[in-house]
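I have placed the structure first, in the form of structure tokens, so that the comments after it can refer back to it.
Each chain gets a letter, A, B, C and D, in the order it is written, and its residues are counted from 1.
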Amino acid sequence: MKLGINTYGKNAINLSKIIRHADHHEFRQISVSVQLTGDFDAVHTHGDNSTVLPTDTQKNTVYALAKEHFTGTIEEFGLHLAHFFVTRNPQISQARISIEEHSWQRMQFDGQAHTHAFTGGSTEKRTTVVTQNAEGPVVLSGLKDLLLLKTTDSGFENFIQDEYTVLKETADRILATQCEATWEYTATALDFEALFQQIRTSLLRTFSEHKSLSVQHTLYSIGEKILQEQEVVKEVSLIMPNKHHIPFNLEQFGLENKNEIFVATDAPFGYITGTVVRD
Amino acid sequence: MKLGINTYGKNAINLSKIIRHADHHEFRQISVSVQLTGDFDAVHTHGDNSTVLPTDTQKNTVYALAKEHFTGTIEEFGLHLAHFFVTRNPQISQARISIEEHSWQRMQFDGQAHTHAFTGGSTEKRTTVVTQNAEGPVVLSGLKDLLLLKTTDSGFENFIQDEYTVLKETADRILATQCEATWEYTATALDFEALFQQIRTSLLRTFSEHKSLSVQHTLYSIGEKILQEQEVVKEVSLIMPNKHHIPFNLEQFGLENKNEIFVATDAPFGYITGTVVRD
Amino acid sequence: MKLGINTYGKNAINLSKIIRHADHHEFRQISVSVQLTGDFDAVHTHGDNSTVLPTDTQKNTVYALAKEHFTGTIEEFGLHLAHFFVTRNPQISQARISIEEHSWQRMQFDGQAHTHAFTGGSTEKRTTVVTQNAEGPVVLSGLKDLLLLKTTDSGFENFIQDEYTVLKETADRILATQCEATWEYTATALDFEALFQQIRTSLLRTFSEHKSLSVQHTLYSIGEKILQEQEVVKEVSLIMPNKHHIPFNLEQFGLENKNEIFVATDAPFGYITGTVVRD
Amino acid sequence: MKLGINTYGKNAINLSKIIRHADHHEFRQISVSVQLTGDFDAVHTHGDNSTVLPTDTQKNTVYALAKEHFTGTIEEFGLHLAHFFVTRNPQISQARISIEEHSWQRMQFDGQAHTHAFTGGSTEKRTTVVTQNAEGPVVLSGLKDLLLLKTTDSGFENFIQDEYTVLKETADRILATQCEATWEYTATALDFEALFQQIRTSLLRTFSEHKSLSVQHTLYSIGEKILQEQEVVKEVSLIMPNKHHIPFNLEQFGLENKNEIFVATDAPFGYITGTVVRD
């Protein structure tokens, strides 16, 4: 027997930071996960811990480095952390830093932005995964748990009919999804903030404007648009579960359901994933 | 032995509705729970179901009535449902309709509101509980899972010191909470939409402006403000768990933590509740 | 304006303990919540914290007292904690200690109990709520998240039929629930361990043997049985949501469903609660 | 632009089944997910649905086939489903069937097994993933969310010390994990039931007996043991998050903590994964 693929690290390092400016505060909240890969055979086979950087130390390192180095985007902080772990530890061949950022919105009153009060609570998280090994760092950025819904311009027709088909074809249905998007950059010295905002807007705009013939059709359309607009993006991966809203059968009560009353269900759900790449 | 307090009904009736206007769509998503109380002794003691309106029928009724009657606020729909169940079923002495509404935001592009595409995903829900019995209907409105945070203007000092005291006094800490607010109206023919917006703004504004000496201090201040501003509100109840952000000990690594790097924790958490009433 | 009902404390104090015996270890894991009530008007209205025992101190107290006093049942530990908080703090009129215990099962190999290895992971928790005020302590015990299911001896017939009725009457259905039971004791010097085991067995046995005509019918039967058997129990409250398993329509595919294939659903669900009391 | 890796299907198909024997009932509850891969470029790029087997139809197929074919292990049902989807649909190059089984335990009274009443509620699920493509079917089996804990025979020492090291070395700590194990079989005509029980017992026994020098050390030991005992297992993958139980600092209150009182934490957590393979 021998050790195959393996990794270890600290997950769910929940860190928040106040960045104090002269006339206002920024507030940032992230969850960092560190995963290290390397020559750890003896750790597993003989309990030899001499090469183990404890996960507790990894956590402390994240908090300590956040003071000076978490000042901008999560991508920049991830790059710093990955570089730090790999260059300080020869036994580590790869560090993978995954960061999720929770969104906090500055409160607004009478059109004025408040200096230090915020509302949170969006399910949407901004994400990055920075992986650094001998070939250098690679940055993936993305978002997850973004709830999208449109009430028309979506249909699903002309699919296979067999003896287990019950679903009715429809030219007008609700399309809803809890979108997760990830895109890989071709470089690491980028304006990650501007790129994120542009790509997120592009995603929303394509979702809203697309005449959807299926979830797959919309998924591809979003990925294609992002690649067309952003030269520094190598490929786009999307996970778009189909959050079904099913017309409720009002006819059984003598009422007509003109595509207006729906049952929102959690399970089962369609699960659609795809990656759009360059030719 | 005999039957004491009891109730039954259908929970988590997840309903969505498209309201179609000439040039745009509204989209609404709610979760309705029905709880009925009445003379159900024989149901329990003898398995006599002749007085039981099945929970499946309650669910169907909610969907059927939504077509015509869920056109405005959740309070108005709740009032209609409570009245319907109580007046049609003499054995039911009280109907309690609880509704949570999920928020969906219309997408905006270049300052233009989209006609039929929405983003969702806020944890914040708008709530109502309508209870109708022989004394007539009572409406409670509220919100829940509203995440609030301020980075300053909050302290906690001068508390009891005993042999188990470890917490340091501080004049400047993060104050964060997952707020649940409920207020009771003195009438049922009200502009529930306008009132909700006013009360929610008042809550946010007080939270942001208050010089907080404790969670309790802020809680009371919010309740007091709402009662001062809204004559039709009888009392305000608030649940404000203390979502701790604890300064991370950077000193052990030779760094100074100028109130900037924090550990965000989920458990344990302070749990503060209070009701503010009129004299 | 003035302060109405209010309370505060620390929730989710997650504590585990190894009790070391000569030849084996016990392992216990609990979650404790402390809620204090008293004269806290000035805390709310003026930010006067001089009467506040911080929730952080409450937490420390629970850990410190666990060393000597958490050696038996959660009821005994709860009684000790409630007494401690009330008698040391004149401003506290009532302490409410709520404890949930997670179950860990000692591993067994070849009929032998292991001395120090355990499996966990049951959703079922054992619970207690001890409330102490000027009238002395009151102990409620219970369990929650106990999943129960029977494949027959359960029906639902002869209920009200109206224009929204779709549900078919059935003499043979699956009965499943996620049971929460709470019972109030008439005394505090009891063998809480033996009583819990007897009452839990009685609950399971009644559920399994009862010819159920409705969830309500089974609920009452369980409460009645516990009161008949245990003189020291004053009343029994049960929450028994109906975890529906709905026959799947196989007929549409030319197959017969002889009450064998079901869709297990989470929402919506029937929600049945009741208290059985002595005459 | 072009379509890269993609897949679609129905997830969370929650199905329960009563298997009726002459003198007792079996009850089974599973959640099935279907993921299909194939030539679906036109679906994405042109909205051509002519090759799409709708996820709703996939769901119906699972329920319909369960009547006749879900009579034994989840592995056998998975093999049947994967074969069915691939052989009926030339455009599908691969079907991946993932099944989780919820455990239900038959109630016991006075040493007698009840014929039709069950308790559920374990977090532990038995799992399988059956993948069928042109190279034939492959079966992975496993379990997840199995909570394991030992109160001694576990240490963590001799790890790297750097300027961010705070963790103290210890020769005696609690080892706890929420174990996920997956193993790949080299064949498909196996007694999956017997194998599962043997492998699960082996996992538990190794966990309990191993003198653990780290989570990695125990992980490898478990994988090695399974491979030694089971010739039909090709490799074993384990995910063993470190569910920390951290000694509470009682010394600050003048008490000694003889490794007895712990804080159970959820975040952050160590995350350890590894695969053990044959030479």
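Basically, a contact is a pair of C-beta atoms (placed from the backbone, for glycine too) under 8 Å apart; a residue touches a chain by one contact, two chains touch by 3 or more.
Chain labels with UniProt names: A, B, C, D = Uricase.
All values derive from a computational prediction rather than experimental measurement.
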Nearest 5 degrees is plenty: how much rotation brings the CA atoms of subunit C onto those of subunit D? 180
Taking all residue numbers used at the subunit A/subunit C interface, answer same if over half belong to both copies and different if under half do. same
Suppose chain centres are the mean of their C-alpha atoms. Which chain sits farthest from subunit B? D
Comparing A-B against A-D, which pair counts more contacting C-beta pairs? A-D
Dist(centroid_CA(subunit A), centroid_CA(subunit B)) in Å evaluates to 29
Subunit A and subunit C, separation of their C-alpha mean positions in angstrom: 37
Distance in whole angstrom between the CA centres of subunit A and subunit D is 24
Could you tell me which residues belong to subunit C and also touch two or more other chains? 14, 60, 64, 164, 166, 253, 265-267
Chain touch graph shape: choose line, ring, star, complete or other and state it. complete
List the residues on subunit D that touch subunit A in their complex, please. 1-14, 33, 35, 40, 43-57, 59-61, 64, 88-89, 156-160, 162, 164-167, 212-217, 219-220, 223-224, 227-228, 235, 237, 241-242, 266-279
Give the list of subunit C residues in touch with subunit D in this complex. 14-20, 25, 27, 29, 60, 63-64, 66-67, 104, 107, 109, 114, 116-124, 145-153, 174, 178, 201, 204-205, 207-208, 245, 248, 250, 253, 255, 257-265
Okay, in this complex, where on subunit A does subunit C touch? 163-164, 166, 252-254, 265-267
